[in-house]
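Mind looking over this structure? Questions follow.
Order of writing sets the chain letters: A, B and C. Residues in each chain are counted from 1.
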Amino acid sequence: MSDLVKLTIEGHEVEAPAGTSILEAAKLVGILIPHYCYHPALPVAGSCRMCLVEVEKSPKPQPACATPITPGMVVRVASDVARAARRAVLEFLLINHPLDCPICDQAGECELQDYTHEEGRAAGRYADYPKRYNPVEDFGPDVLYVPNRCILCTRCVRFMENVAQEPTLNVSERGDRARIGVFPGAALDHPWAGNVVDLCPVGSLLSKDFLNKARVWDLDKTASVCGGCTQGCNITLETRDNAVVRVKPRPNMAVNRWFICDEGRLGYAWLNRADRIEAPLVREGGRLVPVEWEVALARAAELVGAGDGPAVGLVSPGASCEALEAAARVLAARGEGSAGAFRVRQGPERPLAGVPDLALRAERAPNVAGALAAGFGRDWDAAVARARAAGLVLVLDESLAGLAEPVTDGALLYIGTVLPETARGAVVILPCTNVAEEEGSFVNLRGLRQRYAQARTPPGMARPAAWILDAILAALPARAARAGGRA
Amino acid sequence: MSAADGAGTGGAGGAGGSGAGARTGAAATARARAEHGVAVLPAVFGDEGRRKLDAILARYPAKSGALLPALWMVQEAHGWVSPEGMAEVAAVLGLTPAYVKGVVTFYTMYHQHPVGKYFVQVCTTTPCNVCGAEDVVAAFLKATGAGALGATSPDGLWTVVESECLGACGFATPVMINDDFIEGVTAESVPALVARYR
Amino acid sequence: MGFPHPPHPRETQVLSRWFGDAEARTYAGWIKRGGYAALEQALGMTREQVIEEVKTSGLRGRGGAGFPAGVKWSFMPRQKTKAHYLCCNADESEPGTFKDREIMRWTPHQLLEGCAIAAYAIQAEQVFLYIRGEFTEPLRIMQAALDEAYARGVLGANAMGKGVRIDITIHRGAGAYICGEETALMNSIEGKRGNPRIRPPFPAAVGVFGCPTTINNVETLSSVPHIIARGGAWYKGLSLSSPKSTGTKLFSICGTVARPGNYEVTMGFPLKELLLDLAGGMRPGRTLKAVIPGGSSVPILTAEEAMDTLLDYEGCVAKGTMLGSGGMIVLDDSVDMVYQVMRLARFYAHESCAQCTQCREGTAWTVKILQRILGGEGRPADLDVLLDLSEQMTGRTICVLSDSCAAPVVSAIRKFRPEFERYLGHGKAAARA
């Protein structure tokens, strides 16, 4: 238990634990003291000097990020002295910063732009001198460095040194010649390197993937959960005209702090796939024919209710808890002996060294725990073997990649976003939404169930898998439906 | 050498800790030098260098304390601190080459490029400046044939730079020629001084 | 002595007594001159007694800040829970200052003795002697003296045979003025960029390699053996003016002066007499224009102000400047103030570590404005812009390098404004005429 310290910030009484900085204490009363180098995830540098505040009885303005609160302290953020100090820092930062906001990806979410608008000088006094110039550098797989825009806050350097714990970035040279550097021939290719782009308060570190793609004020932002692995990092899906164009981390201290890995950040293209199943399809006379949902659901219920032996479920651990639970109910409704399994794509585990319990996990799917909780097993090979002779195989958004064709001699009920070759023999094919197109939840590897929201409109007639499966259940004859309901 | 090349050699395994990073940078640089017919510089921390470094390391509670001394060893051996030299130092001290480079570029006495056989630093800060230091610089540029500040004379012998305060203000104008510290240099005394080294 | 000139009768030679005497550099020569007796004496005292003696002496840090040395030592933890370190700051780089260089060149054992006593007092077993990279000769001499001191058992696991471990390691800098700032110096020893650190934590709590550390200047530590040998009260008695400024001080006098050199006088000595009598006054036919009394980082004094300044901490403050390192830059009527202020600003711009915005950008901008003025293209508003920038570069940053750039600029514009105005509005041709 740390002692609480009482102080006054901008006229507000604040109480915070001893050792808290003025900057963090001010947040408690809703005051965001402007800053650049400070970031709660990084060691305090205290160097941008943007957060200078006036502290009563202190002869000089103090950096709010590096000054611990003391009892009775009186802090002024909007006083003339503090404002003048900030205005000066802004002017100093802008003397070498190009005024190229119209072509800068950061414009609209740039802290230099924002604070300059808020309290910078109307015009700089440096106008006649040439600005410092250094060419754009390719730092690594997804990161470009635009040195002319750099304000040397060193957040990126500290992230690589203290959080990634692989110092591949440095401050090179000194004085106004200083810039961020990499070693010749080396690349910023750490699996979490992309976070430096988020940490950069200006448009100096850019994502190549997002380069010139959209103005940020045109983006719609939706809270979501990353589908890349079992970590369950909280993300924001950013869409423009119904297409996901960028993924950003959404801070969650319990899961991913402020970060996401590059796989999660860049692996969103599939959310925008154009080759989607857009209408329910049913087999009629050897051909797959698009039909209304009612017709398709009736056919699906017919298959489930046929009662010709246990069904096998082949499900994806990328499906929502709601979908997986509904799938389990459908299998239960089918009757005794019906069961399902899932498989998980594996990859190397990539921890973020400086953050406990945060890694790109080896299991590259978001809802392994959810699938297990819904009653699906990891006995994939056995399930595939059983599927061959089963009367009904229910597939929930599984690619079926690598499986022999046909998957089953019985009936195949396929619910998915896209139609793999292996599933073309299905009797009923039902188009479902992907994670960006529905609401749902995943359970991460620590058992935390997290909701995600809908970011884009589904294509064609696609519906959330949970809705589809519940609708099938509802269309079943009464006795079977009750059995499913008890599952 | 593009960053992509480096990623190609070192990025495959991906796990790349600092050691792997060190090898990547050094290997890439060495390859580039070999492609261009530039002699690869000999390793500094062989048997003898390693012994010397170990003696230095014994004086510090953390390996990184030996960074500045190790860089001095590299400069003594090669005449400058090359990327290979930085990578070698990084490897022996368990640092990343990028970190080492950040340090090298902070300190002006580490040469990031090869310099002439005689590296001349003339103090031109105020106390010496008011005593004619800029004339001394001009005299050096003329007498050595270096022509311009920071350039090396065509015979490869001389590089002349202005230095900020050498800390011998009462002996204006102090000049360093490599490790020789010479006091009271005047524009008039420069030609004879240069002749002594030539 | 006013080395390299013969000693002047009005000097009080304590530290500089053996300057010019090569024999004093050797162990034998130092012993012959009474050396290492103070160390032996100190090792026979308790650590508290040593600190008390230095407190009594009133010795203040000679590197520029003037913090009482004994008080600084007493900040070190009494209960030692991890290694303690002493760092000796021999990064002498403040323009105008060249006293530590002479101490190291002529009396290396004097410094080693001071280091050893201080190390004992603060329970440090290891001393890092940080010598700037350009000081090749002092480095050689100090290393030779250090080797001798080890060979003679003065240092090592059983220093002076008293069962105390005192090791001294020379750490060579590599060209960075800012490493003379104590926290930057510690970073440099740790193999980092020489960036000053934010405080708190202070070095006595978290210093070099994360351990409690005291950093003292060469001149400060070299004074310690004399204080131990002759008593704190004796040292305290050496004062001509303020009782808060005691002992002797080495003044490095340079610039356009007849006899540049190091002069050791008692604190409170009149600047006028030091300049005109000891240092021989101005060169023939020249008159004094200005003095920068404490190294280039302090406000400039006009000739008139200089003439009634007393050379101690309080005397300089009374004149709106600082004693600083005691590096006195003398400027006569031939000196172009605008050009020399530009040179000083260029120095700071060159040496800025690049951390703080005001310093990184402000020092370079200051140079550009001054260069434009010198080029005859200055605008009437330029001087006000310079003053405004300087105000925002003062008291706003982690260390005082930025303040140091602003101080000469502001004082020069205030005191020598006509020289700046002459460049304004007279076109390029007239500018350098």
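Note that a contact is a pair of C-beta atoms (placed from the backbone, for glycine too) under 8 Å apart; a residue touches a chain by one contact, two chains touch by 3 or more.
Given the structure is predicted, the values throughout are model-derived calculations rather than measurements.
Undergrad: Of the chains shown, whose Cα centre falls closest to the middle of all protein Cα atoms?
TA: It is chain B that sits nearest the middle.
Undergrad: Could you find the two chains linked by the most C-beta contact pairs?
TA: B-C
Undergrad: Just how far, in Å, is the C-alpha centre of chain C from the one of chain B?
TA: 27
Undergrad: Determine the centre-to-centre distance between chain A and chain C, using the mean Cα coordinates as centres, and give it in whole Å.
TA: So the centroids are 54 Å from each other.
Undergrad: Indicate the whole-number Å distance between the mean C-alpha point of chain A and the mean C-alpha point of chain B.
TA: About 45 Å, centre to centre.
Undergrad: Could you list the positions in chain A whose residues touch two or more of the other chains?
TA: 171, 173-174
Undergrad: Could you tell me which residues belong to chain B and also touch two or more other chains?
TA: 95, 102, 106
Undergrad: What positions in chain C touch 2 or more of the other chains?
TA: Residues 176, 193, 350-351, 353.
Undergrad: Okay, in this complex, where on chain A does chain C touch?
TA: Answer in residue numbers: 44-50, 52, 59-61, 63, 66, 68, 84-85, 88-89, 92-93, 95-96, 125-126, 128-129, 151-152, 171, 173-178.
Undergrad: Would you tell me which residues of chain A are touching chain B in their complex?
TA: Touching chain B: residues 137-141, 161, 166-174, 181-191, 348, 350 of chain A.
Undergrad: Quick one: which bits of chain C touch chain B in the complex? Just the residue numbers, please.
TA: 4, 83, 92-98, 101, 126, 132-137, 167, 169, 171-177, 188-194, 209, 211, 252-256, 260-262, 296, 327, 329, 331, 334-335, 340, 343-344, 346-347, 350-351, 353
Undergrad: Report the residues of chain C in contact with chain A in the complex, numbered from low to high.
TA: The contact residues of chain C facing chain A are 176, 193, 198, 200, 349-358, 360-365, 368, 372, 381, 385, 389, 392, 395-398.
Undergrad: Can you list the chain B residues touching chain A in their complex?
TA: Listed in rising order, the residues of chain B that touch chain A are 1-7, 10-11, 14-18, 21, 24-25, 27-29, 32, 83, 86-87, 95-102, 105-106.
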